[in-house]
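Two complexes are shown next, each including chain A; its partner changes from chain B in the first to chain C in the second.
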Partner chain A sequence: MTYVAFRMLIGDRAKYIGLLFAVAFSTFLLQNQTSIFSNLMKRAGNQIRDVTDADVWVMAPKTSYFDQTKALHETDLQKVRGVPGVDFAVRIFKGLPIANTPNGQFAACSVLGLDDATLLGAPRNMIQGDWQDLWQPNSVIIDKAGYMLLFPGEKLKLGRELELNDQLVKIVGISDALPAFTTFPLIHARFTEALNFQGRQRQQLSFVLARPSKGVSPEELALRISQTTGLKALTTAQFQWASVSYYLKNTGIPVNFGITVVVSIIVGLVVSGQTFYLFILENLKQFGALKAIGVTNGTMLGMVLFQSFLVWFIGVGFGTALSATFFNISPFVIALRHFILFWESAVGVAAFMLLVIALASSAGLIRVIRLQPAEVFR
Partner chain B sequence: MNAVDCQKIEKSFGQGETQTKVLRGIDFTAAQGEMTFLVGPSGCGKTTLISIIAGLLGSDSGSVSLFGESLSSLSARDQILFRRRHLGFVFQQYNLLPALTAAENAAVPLFAAGMNRKLAVKKATDLLGALGIGHRADASPRLLSGGQQQRVALARALVHEPRLIICDEPTAALDHKSGESVMELLSSSAVHPDRAVVVVTHDNRVFHFAHRIAHMDDGVITHTESPTTQLSHH
Partner chain C sequence: MKIKGLVLPAAAGICLVYAAVSIAQSNPKRILTDPPQSPPRSIFQHTIAAVGLLEPSSESIAIGSHRSGVVTKVNVIAGDKVTKNQVLFTLDYRDLSAQRKTSLARIAQANAENRSTKVLLDQAVRRLKSANSLTDQRALATEERDDRASECARLEAQLASSEAAIALAQAELETVETEITRSNVTSPLDGTVLQVRVREGEFIEGGSRNDPRLIVGKIDPLHLRADIDEFEISRLKSGAKAIASPRGDSERKYELEFVRYEPFVIPKKSLTGDSIERVDTRVLQGIYRVVSPDDRLHVGQQMDVFIDSNPRNTDS
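== the complex of A and B ==
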């Protein structure tokens, strides 16, 4: 009877295509929106993730997220270095100066000033140049998206100059840094030079980066630093999540995406449910005839479930293919760089759509199960 | 042994003041090797009676035996399996599945019994050939005339070689010529010494195909007669 169920399903082309479209469209929207949302939120922690050299971030006690910093005292660096279990600790500066180009373009930039001696926190994914070139005087590394913003339509080329707070610097490298939530160009420089890009303040130490000694976990070290120095110390993962949480709690982004997700679910449920129900309603006489002939309710149930499964499988397949295509094309759009289709989103939405289709078909299924075969004579 | 043996069947629909008694102690038999017609005005209870005979509807009281087997002694599942194995149906509106070909429609009872699809379709195609529409075996029911659709429905009723065939107004949707042709086929292919055919019909133009005619009115069988007697009234 599986064959009969299959033929019944595809026999009504318009409804079949309508069902597939509803499921595929909902799947695409859900996968797309949940993945874009996750990618966007992930950006809130990308600058932290990009610093692969340190496991623990030390900051002012009330710091909520990466983009909100309060300068530490120079002595705080020494305090951290004195905590048992610290293998090394270096300073890092974070500023938001305006960068100007010779052709008049300008943009606020996120500048990270790295420890002069070690360059810990330098970008490791370079498109052009070498991160070690930062040891050259008046040099910076800029990310590709930032370069394209400041030098629109121009080829990537090293040696171009930028002016930051009256300081002329040369681009010695172009990085493929993970995009930040704020979309500012990301500039890496040495600590002592980066201080000059921003107006001088009394204290200019944004973070201390630390790595634990062998045998000490980052979580344990973060706790020790907090307890010993009174500063806030978080592991890289904890700091990323704190930054993501800040944007989740303090922006309307989750609500915006949430509404789209809910609408996608409703569209999927209503359209596929209604189409399924109409499909069964229009075939009720035929289902009645089958029951009269001696097809059991169990077989009927199997037929409807098979039809649901087939619609789910093909619809979700199409939807996922659309999502995969979108996320394969998105890297070519600079604003969407590094956006990926999360496998958790793909699998989660597929499983959720199975539930949606099960719900959608249940109304028709109940009608078939309750159908009195004697109705076929009326 | 009768193919169908109904004793004192009673059936009501509704409750309280809206209760309607549709069958009032019906006794009805259909013999093997015969085509028995059940005739009467609309609303007299014919459809309810054949639904009870087929096990599609339960009676309030009385008993139904098919080939000596009491339906009430079977579980609900066994009743379905009994129906699948021993009963064939021809409906007034054919009730063919538009998504299947004529041969596949005729093969549905074999599919339901779990027969291999190719074998089932082959058997159904052979039967369609015997009923004179083998050349339309691959056609969709939508492309068939009413007479051709009813032949496909007839093939569906016969393909699994059931012992009782129940036909509900098989000629009601057909013109006289097609109706005559379908009844001829029913008479020649369905009537068999160990098989019975029960036909519900209004169509007095086909009464001459019956071996026996049971007249119903207001929930009771008023009289039973042979077609020669019936014809002599006209």
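== the complex of A and C ==
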């Protein structure tokens, strides 16, 4: 009977291909849209995620997201160090100065000032140069996209100079830092030098980064730090989510992508559902004939389920491969760097498509089960 | 036909495997890394962290000069060991030498005047005596005798005045000589020259403290001045142990021994390598002795300090 079901499915090639196309493209569209959306939103927390040397961030109490900070007191670093369960705590500065190039290009940059003594937070993924060169005086590391923005159309080259707030600095490395939501060039420098990149303020300590000692979880430590110092402390994951949800709440992006996702869901549902439903309707005669020769409803059910599973399998297979190919190619476009196909999106969409096809086939199934064999002869 | 129909499902299977491999490869894993240089860590269970500066146990002594003048000779270079009263540098005192000569001449002059007055007095006394020793008082007019007595008294007064003039001239000489001694600026204690910012030929203004030209201090033992946040004061244990490690080399830990607290809680000065002074909060300064310093510790160096402390009330 399975074989009959299979033959029934591939019998009408045009319909068969159409069905597969509908499922494959719905899969591709949904995976693509959800992944791009998630990738884009994830960028809001990328700079947090990229600091792999610590996993607790301490910040001013009302900080809502990474890009907007209020400076801490310098003694706050010592307070955090005094919290039991802290293995170490190190300061970091975040600023938004303007960088100028010798040929007149300029751009606001997101600067991370790394503690001079430890270089905690140094970018480990380098395209050119060495992050150890940050020990040199007046040196910075810039990300590749930032370099291309500041030196458009030029080859990546170390040793070029930038001017920030009358400070001349040398690019000693080009990093592959995770892109930020704001598209600003990402610059890593040393704390004491980064302070000079923008006008001096009274307080200049943006975050304290801490790591728990053995046996203490980052969540527990974050809680302890909040309780004892009165500052806000979040783990890397929590802070990432806080930043992402800030942008989710305060930009139109989720609405925009949400509409696309909903439309692709509806289109996927309607097109594949309808095609499959029509397929069953058009094969009602065959089902009727089968019923007439005594095939039970249970077997029929199995047949339809097998058919829908096969359509799902082939359609999702091709669709996912298409998405994977898209995300294998997209990193070559600089604006889409580090965009990936999330496995959650791939699996979720596959599961969703199974649901869609199950819905569509169940509508057809009802017709098959209610079918009177006599109808074949009408 | 049967095989033909299986091409698509098989291809879909291959596609799924390809997609799965792609996803597995591209989904990033966040691996926790260690900081390039190990950050300072406490060895105590409950700790108060602070930033400290290394200083001489005598504190840094900014050597001042009484006099203004041009420096003629600098006897020390930074790092020299000096003993108490050793001359550090000398100011030009040629003007004082000239004054000294004048004073000496004045003493000589006063002495000469004194001697001549003495001779005159001797003569007057003799004349008065001879007048008084006349057997017949009428041999000399009474007026003449009185004049001789007055002359004696006048010369006695002149003698006293000339002696005072000698004393004055000598006092003047001493003043000049003291000034000459003060042109040699000396060390107030046995210690080490920490900084020399004075060179031969430079002008020094006396009395100014804002711009110390020469710093001397006793660096054995070496002390550390730690700024303890006022919020942490209640957790301090008296005489608690502490450790310190230099910036950028947290693996080296130096044991500290408590010496004293500065009794006055002061506004914190920024110690973070910034020359602009910024007041944050108030801090209690604790003075600690570095138990076994080595030659890699230098006065003025910043250290990360961890002090053994009482737990907070909220600590479990």
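Please note the rule applied: the second predicted complex is superposed on the first by the 377 of 378 C-alpha atoms of A that agree within 3 Å, B and C clash if a C-alpha of one lies under 4 Å from a C-alpha of the other, contacts with A are read in each partner's own complex, and residues count from 1 in each chain.
Criterion: contacts are C-beta pairs under 8 Å (C-beta built on N, C-alpha and C of every residue); 3 or more make two chains touch, one makes a residue touch a chain.
All values reported here derive from a predicted model rather than from experimental measurement.
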Q: Could you tell me whether chain B and chain C fit or clash when both sit on chain A in the superposition?
A: fit
Q: Answer with first, second, both or neither: which of chain B and chain C does A:374 touch in the superposed model?
A: first
Q. Is A:10 in contact with chain B, with chain C, with both, or with neither (first, second, both, neither)?
A. both
**Q.** Touched partner set for A:296, first chain B, second chain C, both or neither
**A.** first
(Q) Which partner chains sit in contact with A:328 here, chain B, chain C, both or neither? Use first/second/both/neither. (A) second
Q: Scan A:20 for contacts with chain B and chain C and give back first, second, both or neither.
A: second
Q | Comparing the two partners chain B and chain C, which touches a greater set of residues in chain A | A | C
(Q) I want to verify one number. Taking the Cα centroids, what angle sits at chain A between chain B and chain C, in steps of 10 degrees? (A) 170
Q. Taking the superposition as given, does A:248 touch the first partner, chain B, the second, chain C, both, or neither?
A. neither
Q. How far apart, in Å, are the nearest Cα atoms of chain B and chain C after the overlay?
A. 10
Q) Taking the contacts chain A makes with chain B in one complex and with chain C in the other, which residues are shared? A) 7, 10
Q.
Applying the document's contact rule, which stretches of chain C touch chain A when the two form their complex?
A. 5, 8-9, 11-16, 18-19, 22-24, 26-28, 30-42, 45-51, 229, 231-232, 235, 247-248, 250, 268, 270, 272-274, 276, 278, 280-281, 283, 306, 309, 311-312, 314-315
Q.
Quick check on the complex: what are the chain B residues that touch chain A?
A. 47, 50-51, 54, 56-57, 77, 80-81, 83-85, 87, 89, 91-93, 95-100, 104, 108-109, 111-112, 117, 156, 168
Q) Which residues of chain A touch chain B in the complex? A) 1, 3-4, 7-12, 283, 285-286, 288-290, 292-296, 299, 372-374, 376-378
**Q.** Touch list for chain A against partner chain C, complex
**A.** 6-7, 10, 20, 49, 52-55, 73-75, 77-82, 84, 86-90, 115-122, 124, 131-132, 192, 195, 200, 202-203, 227-228, 236, 310, 313-318, 320-321, 323-325, 327-328, 338, 340-343, 346
